[in-house]
Amino acid sequence: MSGNIPGLATDAVLKESIPVPDNFEEVKGIDYSNPESRNSKAKFLVNSMKTMGFQASSVSKACDIINEMRSWRGKNISELEDHEKKGEFDDEGFQKTTIFMGFTSNLISSGLRDTLRYLVQHKMVSAIVSTAGGIEEDLIKCLAPTYMGEFSLPGKDLRDKGMNRIGNLIVPNDNYCKFEEWIVPILDTMLEEQEQFAKEKGADCLDNDVPFWTPSRMIDRFGKEINDESSVLYWAHKNKIPIFCPAITDGSIGDMLFFHTFKASPKQIRLDIVQDIRRINSLSMEASKAGMLILGGGLIKHHICNACLMRNGADYAVFINTGQEFDGSDAGARPDEAVSWGKIKAEAKSVKVYTDVTIVWPLIVAATFASDESDFDEKK
Amino acid sequence: MSGNIPGLATDAVLKESIPVPDNFEEVKGIDYSNPESRNSKAKFLVNSMKTMGFQASSVSKACDIINEMRSWRGKNISELEDHEKKGEFDDEGFQKTTIFMGFTSNLISSGLRDTLRYLVQHKMVSAIVSTAGGIEEDLIKCLAPTYMGEFSLPGKDLRDKGMNRIGNLIVPNDNYCKFEEWIVPILDTMLEEQEQFAKEKGADCLDNDVPFWTPSRMIDRFGKEINDESSVLYWAHKNKIPIFCPAITDGSIGDMLFFHTFKASPKQIRLDIVQDIRRINSLSMEASKAGMLILGGGLIKHHICNACLMRNGADYAVFINTGQEFDGSDAGARPDEAVSWGKIKAEAKSVKVYTDVTIVWPLIVAATFASDESDFDEKK
Amino acid sequence: MSGNIPGLATDAVLKESIPVPDNFEEVKGIDYSNPESRNSKAKFLVNSMKTMGFQASSVSKACDIINEMRSWRGKNISELEDHEKKGEFDDEGFQKTTIFMGFTSNLISSGLRDTLRYLVQHKMVSAIVSTAGGIEEDLIKCLAPTYMGEFSLPGKDLRDKGMNRIGNLIVPNDNYCKFEEWIVPILDTMLEEQEQFAKEKGADCLDNDVPFWTPSRMIDRFGKEINDESSVLYWAHKNKIPIFCPAITDGSIGDMLFFHTFKASPKQIRLDIVQDIRRINSLSMEASKAGMLILGGGLIKHHICNACLMRNGADYAVFINTGQEFDGSDAGARPDEAVSWGKIKAEAKSVKVYTDVTIVWPLIVAATFASDESDFDEKK
Amino acid sequence: MSGNIPGLATDAVLKESIPVPDNFEEVKGIDYSNPESRNSKAKFLVNSMKTMGFQASSVSKACDIINEMRSWRGKNISELEDHEKKGEFDDEGFQKTTIFMGFTSNLISSGLRDTLRYLVQHKMVSAIVSTAGGIEEDLIKCLAPTYMGEFSLPGKDLRDKGMNRIGNLIVPNDNYCKFEEWIVPILDTMLEEQEQFAKEKGADCLDNDVPFWTPSRMIDRFGKEINDESSVLYWAHKNKIPIFCPAITDGSIGDMLFFHTFKASPKQIRLDIVQDIRRINSLSMEASKAGMLILGGGLIKHHICNACLMRNGADYAVFINTGQEFDGSDAGARPDEAVSWGKIKAEAKSVKVYTDVTIVWPLIVAATFASDESDFDEKK
């Protein structure tokens, strides 16, 4: 082999680049010469992550989008025509963003429940979508705790002991027995109420304006009945924040409703999902601006995105989950896929953070929704 | 450093192992000295994968479990008491496995729809659970095609053109306009029928025994109306295979139902999900043996598992999806988590294959459900 | 709520799409009316997957790219100037593609080893990159088998028994003891040879043209010594296919070399990695066309890509692994990231298949490298 | 259907559980009634995550393990026999943990470089393993910046502009041209030094005790030459922390070495990897306790684990990466797999956090290595 450096290789390796555009932002990390870097606060950390790249940057961008969706203000209600007086308003009467938050069942099983409850308690979100477990585990935790476990605990041993595993968490099956005791009288009352209006309305009992049971109405009732300040549902009821759960039968509540059909036969509670799709879609259409906080994937993600199609797209979107796009799942789809459907506006601010929600949501909330140290007293 | 080999290290590195137990199976792969290895058939390939390890072995195990759940036979119906005459029977009257198949919406969007339809057409499954897209995309494909695209196509351009992206697939929005034209008259008729029985029954119109609209009943009607042999729903209707979809409002059908509530107001179609949970749970309890084929994650996985809790666990379970357990999601949970809940029996045969379903389901079906070359004629 | 369908929503939902371009390809799956669909052959299956979408399409595209890289032919050697007579040629003297194949260690531990060996045995690849385990496990399997295990086997029990786990595989530690017995005499000889040329050359013993030990030269020696037709290394030696492994010390071979430094002290085998980077880069520069088959991620992926930068990009690239791009890893990078670096040509044919390699490589090979049923005899 | 609740189902659903063991820990999250929850500090956050479950708990456990490995102290050096005076000692002469930190190349490209440098600057780790990019990008960043980009930027456009993409980061190719200018004179000097000792030693120039170039020695030289306080390599040189990189030719340094073989021919720098395996393994054997911090997967993970086999296992292990075990990769293997190999002790404290490192490492460091607010001044 000769002593000449091969030109083909040097041309490829040492190819010149164009001048770096002025608007390029340098990658840099935490400045450890700053005393604030020690045991740093959430906002310092998140701000430092902005120029770190990879998912650190995405976390920082998620915080920016959340801050923007929370701080947006439109016209004052006094300036609006009557038919425009809809959507969310702040205390001074200015239009603000309608925020749809979706979370999967497992997040309520986890300690994130306290963070989710904090957001609902302080009216920081406008509407919620969850799956069945996200409803029932919130209630059950008011009756008995969930415990820490391990991902590797063998299923047979656990079943023998009546211990149910959710990832690295354990829920004793007695919790579900307690839940049954709690819910059956409520279901009885719900059935009575249904019968009552059926008797009153007769053949018209299926009309639009009848207070027919829907998942969101049932959840609101549960929130009222549980009457426990640790509960997401309690505060949603208090603060009139609707919780949607079209497949509410897919879990323990479904088991209880199933048993109840035998107990109540030939009567049966009916849960209508058409009225609820009208309700969530209407919230989307009425919103001045719409923001999405999607924690997890599957139904809760698609349902909020689909509702936002009714307004030709959300204005802000934060997705956090572990789904990947390569399998064509909606769970794994990037925000840009939702843009193609008109579920997110082309000009919207959006980001997807690829991670387990529990890792990052406490930090994000500490740097956004729960960032203001001065107003602690009034938040109590 | 001295010339002596360090004993600490050699003891650790050269630690002796116990004798290899007799039942240990050697890892080995394809025997390329066998002419069958060339352009090999599905069964040869899958059999060779059994001892390959990693997910190759899991694919092979999935085939074994499918073959076992399909071939199991119990008593003849003539030997059974009347109250035992439930569940599935083969043509000679022997008990067989009730097979619950769940698939996510995206699989119907993909070319797997033909494979799923094949299974339904030939009565190879007993009940189905899907999400809204899994219902409506099957119908829409009878009206207009879905097309190949790219994961990287920009959302804004697509929206401008009215082209919706699902992973690397494209659905023109006109398809949904055609779907609206098709479905509105059917919804009108469904509402009429609902009004009819409400008039007849009056206050009793909510009772158990009323043919109230449920997702599964609506889907069956759609299958009848579409009347197209390429459709999963068509064959499900023909073969009386129920399709469950508790959140059927979460997609285009929901959009259409939403619009219909305005058109029909104050009337409104009601879709009850309580009756459907009773229906799927009953199928589980009546089954002689229960098998699960879970293609994807989320609702469709949880719903079938939950139904199988009613019988204290499925006997066979095949999970195929890309979910991981580390985030505590049900989507990512291993079969052993379902064992802890009593959703899969401790002694059941189960496997999870970690992959996009489209990669592996065609091969698995070719090696199991569609493996018999001799009986092609009668299958037509 | 009024009876008028909201225009905002209908405009968004029923947005018209542009006419479907003529070149759009319909999504469709397997045609089960075709008898070939029963227990179907690999090529039928892969061809049917082309229009299925998601990763099924990617598998089919991978096969197309492999077929194209294998069938490409350039000029005949008789037409070339002397300095152009480099790269790979077929038996008739026509230029063909230089194929770089990379695979991670675990694939040799798995049953895929037989498939990888088949490719090397029949000279279907031109050069290989692997990691240390990919070298030593091939040798060790000639001495004692690897066994099937389970992902969930507890580590402590296994260590007590001297059983090492690789995913769902088990390697008894005695295998490594046997490996030590096999390798020590070879290392002794290698050291002698090194001393010999050092004595001969004196101060010039570090020059370019000295047969200094490098990972690829050591691997070639091992391939010769193992003398076993089941071995990848054996056939690589036989067929003069270089195997590169810059970090060959990172595993059992490294352990043995470490021990050997004590035994041989003050002498020591030296393994130079500079000569090997010159060797692999030269192969890339000399190639008429370059193709990449990347099975897994990490070093083996980056090393082949980096070598292809020396020719301003590969012409064909197939990546198969489970890495995701969101963490900014090279393992997870899409081919398009390599295009930005000049490691893959902008006009190259490339695809990434997102899956465990063991699921899909047997099928891909059956449909490409091992697809020709007619030429079985001569392949023996 | 009768009015009796089915016993099979109620028995399964309402199965009693054993009493909850006393040592069970309740799942709970952040206490938002605590003012510290607002814009919370890293330690508060991480402590609150301990009982959240899923990966939040794993992050908290990682911090506990790090604190434990950092605070462990053994005997005082004055109590030890001469042959025991090895491993790491604190300023008072007490034995402390030898901490091996591995990180992948992309983390140096990201803003995490500042965090990694902080750890090296303050001697918080004992030895480092990285891949080629982890070495060269640290040096290159001293010459010119890396910039923020997007994952979706098209490769062809970037190549035309000479802009290289690493996930969502951009490195102008001119940076590599600057790197070439910087490194060539250093390589020239290194070659001169090599020639010098070869001349002096003659045939003995390959012996153990010759300062032959190895990756770790070359990296140390680079750290000295770069002489820049922003650099990881600079501080590693200053603080005598070895950096191992067996495959250092796999990147831009390899390109430069490749070119240099032509320039210097017939002379050639030789880089020996056998001496380096002896060096890292010796560090492991000499350690009083060994801890592993593995940031990413692939070579850097395996190399540290393998070194720890030489001591029959690490005492502490923290893995953070996105790898999954299902494909049998070492990258995705859980710590328990390393236990089976003797690379982690059975009684060691270990955890794997499943996430992109950039999301979580800044928080972890803020809550551990950089948690002490009081000692800021002395840390400057």
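Residue numbering begins at 1 within each chain, and the chains themselves are lettered A, B, C and D in the order written.
One rule holds in what follows: a residue touches a chain if its C-beta (ideal position, glycine included) is under 8 Å from a C-beta of that chain, and two chains touch if they have at least 3 such contacts.
Chain by chain, the UniProt names read as follows: A, B, C, D = Deoxyhypusine synthase.
Since this is a predicted model, take the numbers as computed values, not measurements.
Between subunit A (Deoxyhypusine synthase) and subunit C (Deoxyhypusine synthase), the least number of touching-chain steps is 1. With respect to subunit A (Deoxyhypusine synthase), maximal separation of chain centres occurs for C (centres as means of Cα atoms).
In terms of their C-alpha centroids, the spacing between subunit B (Deoxyhypusine synthase) and subunit D (Deoxyhypusine synthase) amounts to 42 Å. In whole angstrom, the spacing between the mean C-alpha positions of subunit A (Deoxyhypusine synthase) and subunit D (Deoxyhypusine synthase) is 34. Per-chain CA centroids place subunit A (Deoxyhypusine synthase) at a distance of 26 Å from subunit B (Deoxyhypusine synthase). The set of subunit C (Deoxyhypusine synthase) residues that touch two or more partner chains comprises 1, 6, 9, 13, 15, 53-55, 106, 109-110, 152, 163, 166-169, 208, 255, 258, 265, 278, 281, 309-310, 324, 326-328, 336, 342, 354, 356, 358. The residues of subunit B (Deoxyhypusine synthase) lying in touch with subunit D (Deoxyhypusine synthase) in their complex are 1, 6, 8-9, 11-13, 15, 53-55, 152, 208, 278, 281-282, 285, 309-313, 324, 326-328, 342, 354. Those residues of subunit A (Deoxyhypusine synthase) that touch subunit D (Deoxyhypusine synthase) in the complex are listed here as 1-6, 9-10, 13-18, 20, 24-33, 35, 37-43, 45, 48-49, 51-57, 59, 106, 109-115, 118, 145-148, 152, 161-163, 166-170, 172-174, 176-177, 180, 252, 255, 258-259, 261-263, 265, 336, 353-356, 358-360, 362-363, 366-367, 370-373, 376, 379-380.
Remark: subunit C (Deoxyhypusine synthase) residues 104-106, 109-110, 131-133, 151, 153-156, 158-159, 163-169, 194-195, 198-199, 201-209, 212, 215, 246-251, 254-255, 257-258, 261, 265-278, 281, 296-299, 302-303, 306, 309-310, 321-333, 335-342, 344, 346, 356-358 touch subunit D (Deoxyhypusine synthase) in the complex.
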